[in-house]
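Note that the chains are named A, B, C, D and E in the order they appear, and that numbering of residues resets to 1 at the start of each chain.
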Amino acid sequence: MLPVFDVVLAAAILVSAALALWVRDRIAAVSGFLVTGLLVSLSWLRLGAPDVALAEAAIGAGLTGALLLRSAHRIPCAPSKALPPSLWCAAGALAIAISGAIVWTVTSFGAAPVYPSLVADNLPESGAQNPVTAVLLNFRAWDTLLEIAVLFVALTVVIMVAPARPRTAPLGPLVQPFARVLLPLTVLIGGHLLWQGGHAPGGAFQAGAVLAGGAIALGLSGVIGSKLTRQNGLALLAIAGLAIFALAALAAEVLTGALLGYPAGEAKTWIIAIESALTLSIAATLFLLFFGPAERH
Amino acid sequence: MSQYLPLAILMTSLGIVPIILVMPESARRLRTGVNLAAATVKVALVVWLSFEVTRGNSFDLRHSIAPGLELHLQADPLAVLFLALSSILWLLTTIYAVGYLEGGTDRSRFFGFFSLCVASTVGIAMAGNLFTFLVFFELLTLATWPLVVHRGTSEAHRAGRIYLVYTLGGGLALTLGTIWLYALAGEVPFVPRGVLGDLPETAPLALTAIFVLLIAGVGVKAALVPLHGWLPLSMVAPAPVSALLHAVAVVKAGAFGIMRIVYDVFGVETLQAMGLAMPLAALAAVTILWGSFRALTQDDLKKRLAYSTVSQVSYITLGVALISPVAAIGGLAHLVHQGIMKITLFLAAGNFAEGQGVKTVRAMDGMGQRMPGAMLAFTIGALGMIGVPPLAGFVSKWYLGAGGLDAGQPMVIALLAGSSLLNAAYFLPILYRGWFCAPTEGAKASRRIGWMLAVPPATTAALVLVAGLMASAPFSPLGWTRFIVSLEYL
Amino acid sequence: MIAIPLWLVPAAPLVLLLAFVLPSMRGVARNLVPLAALPALLTATATPGPLSVRLEWLLLGSEFSLSDTGAAFLFFSSLLWGFAGWQALRLLADDRHRDRFFGCFLLAMTGNFGLLVAQDMASFYSFFSMMSLASWGLVLHGGGAPQRFAGRVYITFAVAGEVALFAGLAIGAYFTGSMALPAMASDGVPPLAIALAAGGLLVKLGAVPLHLWLPLAHSAAPAPASAVLSGAMLKAGLFGLMIILPLGETASPAAATALAAMALAGLILAPVLGLVQADAKATLAYSSIGQMSLMALGLAVALAAPESWPFVAAALILLATAHAFAKAALFLGVPAVWASSRGVSRPAIILALCLPALALAGMPGTGGFKAKEALKSAFAAAPEGWAVWLGLALFCASLGTALLMMRALTLLASTAPKPDVPQDVVFPWLALLLFVGIGFSAAPLPFVDAGVVKLPDVLPVALAVGLGLCAMVLCRVSSLRVEPPAPGEILGLLRQQTAPEPVLALPPPRLPRSRNRGLVLRRARTRLVRPESGSLAILGMTAALTFLALLPDAPTGELTGDRTVATTP
Amino acid sequence: MSELSLLVLLPFLAATLTVAVPGRAASLGLVATAANALLVVSLCREIIARGAVEQVIGGWAAPLGITFVGDGLAAVMLAMTAIVSLAITAQAMSTPGRAGFWPLWMATLGALNGLFLSGDLFNLYVAFEILGLAAVGLTALAGTPMALRAAFDYLTAGLAGSLLILLGIALSYSVTGRVDLETVVVLTESSNGRIALALIAAGLAVKAALFPLHFWMPAAHSSAVPVASALLSALVVKGALYLALRLSIEGGAGAEFLRSALAVLGTGGMLWGAWNALRAERLKLLVAHSTVAQIGLIALAIGVAGDPLQNGLWTAAALLMLSHALAKAAMFLAVGRIAEALGHDRISGLNREELRPGAAEFAFAIAAISLVGLPPTAGFIGKWILIEGLVDEGAVHWIALLLLGTALSAAYLSRVVSRCLRGGPHVSATAQRLPWRSGDVAALGLATGALLLGLAAALPLTLLEVPFA
Amino acid sequence: MISEYAFLATGAGLVGLALLRLATSADLLMRVLGLNVLAVGIAMLLLVSGMGASGTDAVPQAFVLTGIVVLVGVTAVLLALAERIAEDRDE
């Protein structure tokens, strides 16, 4: 039964993606993309990757979708002539060829991944029970540091480019209570995800995304927008993640002689400390990515 | 201490380049002072060096750039010959240029590149291997270009562009040949009688191709037909630059390069065995005649002189290509002789243009009355070019003729005779107009020529006379040349 | 006598020339021009002769010494240069370009003296060309159209001669391995070398057909210059030939025949062309051709019969000396005639000019006669079959010369006086005339019996006088007129009548080309590219690379062996 | 703390500080670049003395963890970055900056350092993302519509490129089960592994602006502010080229198909870039097209160098990169100064101005010499090594192409230099050259450095001899 | 097994679709969407490759996570740029 579900799911993903990419209506396209994201996160759950599925739902579908929705009506359709059919066909053929090559490559017999055993062997020393968290924040923490740097750079560029701020429409008295509930709720969920990340699916990114999502909703409703986004404090919070992570990396090197090499036995503490900082920083960053800079230059 | 003499000689001109380039336009006295001081110091250093070399001291400065590649400065007698020529003429040309550009624009730029030009010439002279030679050879191309286009007119730029096309093209050929040779033979130092070992037997075709590439590369600067097209065009440059191009630096560098390639890379015997000497000599012969033919019909004075250079420089090539010590003496001596004669001509021509606005042969009427000194210098230079004894040109032609016979090529005598006739045919009308025709009515009022313009051509004219008259004195160009050839052919 | 260093002979005029460089010195220097020849004269007459000098540093190693022949040539040359210089001083006193003239004059003088003492090829050639080229200035001095034409022709021949001489000497030097000039005459020198060198010298000598420049130059140059040209410089050619030809050693019949043919042609051509000239100086010039041809004939005989050389040499020296003085006296007389009015002085001058004229024609009692006698006796040794026409040639030479002299004097007598010629040009001429008259009649000639005058000796002159009178009468009676040919003979045909350009005509100045060739391409607008085409390119590239990855590779070596990265060779 | 850690982390720390303290951004940048340069010097000394340096991050050895590898090639690239960064910082300090420049610049520096040191494919991908994003930010810095549009196109192309790289990494993971650099040689052994490599190469071609995937590049490089253009052209594209060279080295003989592709594409780029540069009317556009041509040349050099395990021709490519970085940075700085002084950057108008920046023009000329690769520049030495090797192999066609490329670059660069030398009737007699400015020193110093680098080529070549451990 | 193939085909299909869309559309928003779909497809491929008998490999999961975060940053920048371009065009 399950394989059938998987096949249907796979087909649905493809169809929704094709819809998202080919419908003319902006909102429909973005919606299609959102649906694709959700279906994909579902499929990833099926693939045994709940961490990623969570992240895709929160960030890939959720935040990206919000960003796209924000921008969809502001970016006009390009008045472009249709591509000549010959080129179209050529592009289609090439795309199919590449897809085919990919399928062939992956299905051909390849070496078994070397990582599972390594991860399993070293998991106890990593300070996290969740292997994904262990990889992210210990085994390959350097990747994560650079990833934070990407967010930092993205934020810098967005602030510099400074598009017009999204319109915030006060939601009115009816929704205000809902908003008041939303904030503590997101904080709660975020905290849980962060804490859970140590041993079960979840972690800083998912937590940060949830926090940011809540904050964006509040911001759009006009509850916190005027106060929070007009101050540089949020920006400082956003950049603090990178700074703290980098300093921690250096500090670890001072202590153990290896960059990002946490002192033996204290790995968990370090990871949680870093993750906490990152959660706040990521949340602030994502929020600012959505809302843009405090002031236009 | 004296070990660094070659470097010191190089730096006297190279070191002042940045200093002069950054000087403000108005710092005339300072600039002149620096220029003249450097030139004087260099002459002194070169004299010192030549004494050291005659005493048998050798100089070797090496700087490794990459494995198998090094910059190598040395001072063998051949280098000293070229050094002495360029340093002395540089001093004179600098004096002249200071006077010539009085009130001109962009003088800092001009003198900066002027010095760079001479620095590269010095580098070419003292290059101890083919790579070093190549480096300075290309530097020379670049340093000369701003001088050629100095006037900034469209014509100058056209000439500059063509100059670049030719010389950079030649540079590419030279580069390719050099790299190829390095790939075949490893390091290629300049050693008398060549460095190729048994390569002529193992890779004759490749060596022939390399020889053609190398000669084509240096042949552009040496203005070998058909690579000479840039030279007559670049006479649009100011007179001191023309002097530099034709007498001190560029053309000479090409001829000197041919010498190095023939003597110190391939070696005359190898070259003869490979059958490459005769084609080179034939090319030189064609160039000699062709240049002279073209000079006949030029009305522009400097253009006529330029074609004359095309012809005369190939005497040097001819002397080198005729595999004979006597011809070699002639060719090497002509390196110096042609230099001092042609610089005399160009400096005098510059004076005509400056003092009387005369730039064409047509307008030369009565120049002997209007500017007797310059005309006298011009006459001496021209007669020397024709080969009239006892001037310098005669000495080299004499040795070339004898060398032709020595090499079993009696046609060389006919060639020399024909060329001398052509030389006379294009120079004597100028002398005739200058001395025996009445000045035309429209001749411009004379502008006073300062001593800085008057002295250099007079000096070089005197040198032409002395070099011919005292040819057999031990320190004459001829004497030095004999010394060099005794090394090459021992 | 005073022992004068030999190098001073050419150096004296050269030093004087240097004085001309300073404007303040020029006045003094000009007056010293005639005296510049004094060291040469003193050296030529000094006994014993001066020591030879060797200057290793000079040119290619120079050697100077004075042979007997050289001394004889130097003697008359120095005198001629001195007198000519003197007259030039007077004649050109008011000329604007006199300093230019004297510069060339002194330079030519240096060359002439120098080549007479030079013993090595380089310095000989140097002095020779110095003389030739400087004479160009003398020819051109007048600045008119005839001078320009003459100058053009002269320099063409001179340079060609120089080049031939250079080639000959260079070949000779190579084959003998010696720079010494007499080595040219030794064995082992290829005939080509001698022929080339001789060719160069024959140009100077004015041998037919290399004489074309000579009448033009002589008539175009100022009279003193013509005097030295004809009297001294032509002899330089003779002198050179006497040294470089292998005379007195082996017979070379072919060369002798060729030279004899040239000489005979000259002997015939000279009077024919000279008689129809309208200019006295041109007539005199043709007479020079005749006389020099006679001397060439002497050389030809010596070439054919080596044993005759000592006699021929002496005779040639004598003949050269006689011709030099006589011809110089005639040329210097031309300004004297110009300066004289049609009154008493002119007939006197013409009469006085008859003396050198007769000497030239070989009138018994003159130095010319003695010289010709000497030559005639030297010809006795000529080979079989030569004797007949040699005698005829000598007779023709005398006859021709006599006719030419008559023609010249007649022309001179009818010349219009030139008021701008100063009167005092007469004095140098007179002084020279004394030499011709007094000094030369008594020249000691041991091998010629000068005492007896036979009828055949005066025959040519008498015949000439007779013929001349007949012709004159004939012309008067029949009003026959001889149209003088264009100067320069066949070269006259080449002469442009309108505004001659010097030597080589220039093409019209070319307009600078405005076409702007080059590698620069202009006006490239950035095309509007479809934004998606970039992605299309990426897609295509990706597919292409993927395809490439699937292509089977050439077999590669060990893949996972040594992992050391290679570096520069 | 080791140099390696500081090299990658200091710039990021500086970047955050410049955001936090915008008033001191310039001096912070200066301190960071200076410290970076000192660190590089110290690292190079260490590498020369003791061979390649390796650092295992977090104590987790590859393939699980990530390793920093400081071999000769990495050191040369780091040194290149350090030199150029000093000049760019100097120039940026002398011109009024825009907000955002310093953090972006510092992030670029950090990303480059991380890129050059990284020994892990996925880590390289992330570094590329930082680099690409920061470069886009620098492009957009000018704020003009053109710059923004160029930035957008740059980012989409760059993102497509990095996603292709990621796709390649994904495939290589599926083939070999690991993603560290050691996996490359395994990849070359099978067809599907080579497909993964091909995808990575396609991504790199986009990132390196390799013909014909350079479409985004001229607009981006010519519309950015001068300092940013210099950075983009000199350093950012080098990241991708470096990785291409690294793959060629790691792949060894099996990467031959990649090298053939690079050679062909490089040739195309060299010719196409030169052609466009010959036709360009604007100075900045000319320089940008020249970058296309020069990248083509470098790719050609990597491509024809053959198996780096067998011969040392690849050092030529490294030298060419080094030379191009210095010269092109100098050139863009000079062009910026010229355009600023004249108010335009039309080539045809260069000679008509009465006030001309002499020092900048001079810097341009010197940089042009280096770019053409005339002796004794490092570019020349690079070409020398390459041609000498090709002669040995008898690859005449490649030699001819190299020479053709050299001649073409001389042709288009001389267009500008010749204009600078031209006075002509338009310039009045009182025409003056602008006096020196402190910022000119950067361009001139960099250009001179590029010129003299050839004389000191022994140093980079010695460094390059230090092999990958 | 079938599931794996299905998701593999999905991943490859997403990549193909995205590449095709990128190559055929000039629309700014479509390009952003296309790139995002491309990234999702690649992530899918990574996860499919990481599947093994003992569960999904954690390392590619971490890669995908990183990729998702990176992509949201880049998307934000892209959209910001696109909006500014649109604004500038409107003005």
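Observations
Basically, a residue touches a chain if its C-beta (ideal position, glycine included) is under 8 Å from a C-beta of that chain, and two chains touch if they have at least 3 such contacts.
For clarity, every value in this text was computed on a predicted model and none was experimentally measured.
The set of chains touching chain A and also touching chain D is given as C, E.
Fewest steps needed to get from chain B to chain E, stepping only to touching chains, is 2. Distance between Cα centroids is largest for the pairing of chain C with A. When every chain is reduced to the mean of its CA atoms, the largest separation from chain B belongs to A. By number of C-beta pairs in contact, D-E leads over the other of A-C and D-E. Comparing each chain's Cα centroid with the centroid of every protein Cα atom identifies chain B as the most central. Chain geometry summary: the mean Cα position of chain A and that of chain B are 72 Å apart. Each chain gets a centre from the mean of its Cα atoms; for chain B and chain D, those two points are 41 Å apart. With centres defined as mean CA coordinates, chain D is found 75 Å away from chain C.
Centre-to-centre separation of chain A and chain E, using mean CA positions: 12 Å.
Across the assembly, chain E contributes 15, 19-20, 22-26, 28, 31-32, 45, 48-50, 59-60, 63, 66, 70, 73-74, 77, 81-82, 84, 89 as residues in contact with two or more other chains.
Multi-chain contact residues of chain B (touching two or more other chains): 66-67, 154, 161.
Shared interface positions of chain C, defined as residues touching 2 or more other chains, are 519, 530-532, 535-536, 538-539, 542, 546, 550, 568-569. A list of each chain pair in contact follows: A-C, A-D, A-E, B-C, B-D, C-D, C-E, D-E.
Taken in their complex, chain C has these residues touching chain D: 519-524, 526, 529, 531, 533-535, 537-538, 541-542, 544-546, 548-551, 553-554, 556-557, 559-560, 562-569. The residues of chain C lying in touch with chain B in their complex are 56-61, 100, 122-123, 125-126, 129-130, 133, 136-137, 140-141, 143, 147-148, 151, 155, 159-160, 162-164, 166-167, 170-171, 173-175, 502-504, 506-507, 509, 512, 516-519, 568-569. Across the interface of their complex, chain A is touched by residues 530-532, 536, 539-540, 542-543, 546-547, 550 of chain C. Of all residues in chain B, only 21-22, 25, 63-67, 69, 71, 105-106, 109, 131, 134-135, 138-139, 141-142, 145-146, 149-154, 157, 160-161, 164, 168-169, 171-172, 175-176, 179-180, 182-184 touch chain D in the complex they form.
Interface residues of chain A, counted against chain E in their complex, comprise 2-3, 6-7, 9-10, 13-14, 17-18, 20-22, 26, 29-30, 33, 36-37, 40, 43-44, 46-49, 51-52, 55-56, 59-60, 63-64, 67-68, 70-72, 74-78, 80, 83, 87-88, 91-92, 94-96, 98-100, 102-103, 106-107, 110, 112-113, 115-116, 119, 131-132, 134-136, 139-140, 143-144, 147, 150-151, 153-155, 157-158, 161-164, 205, 282, 285-286, 289-290, 292.
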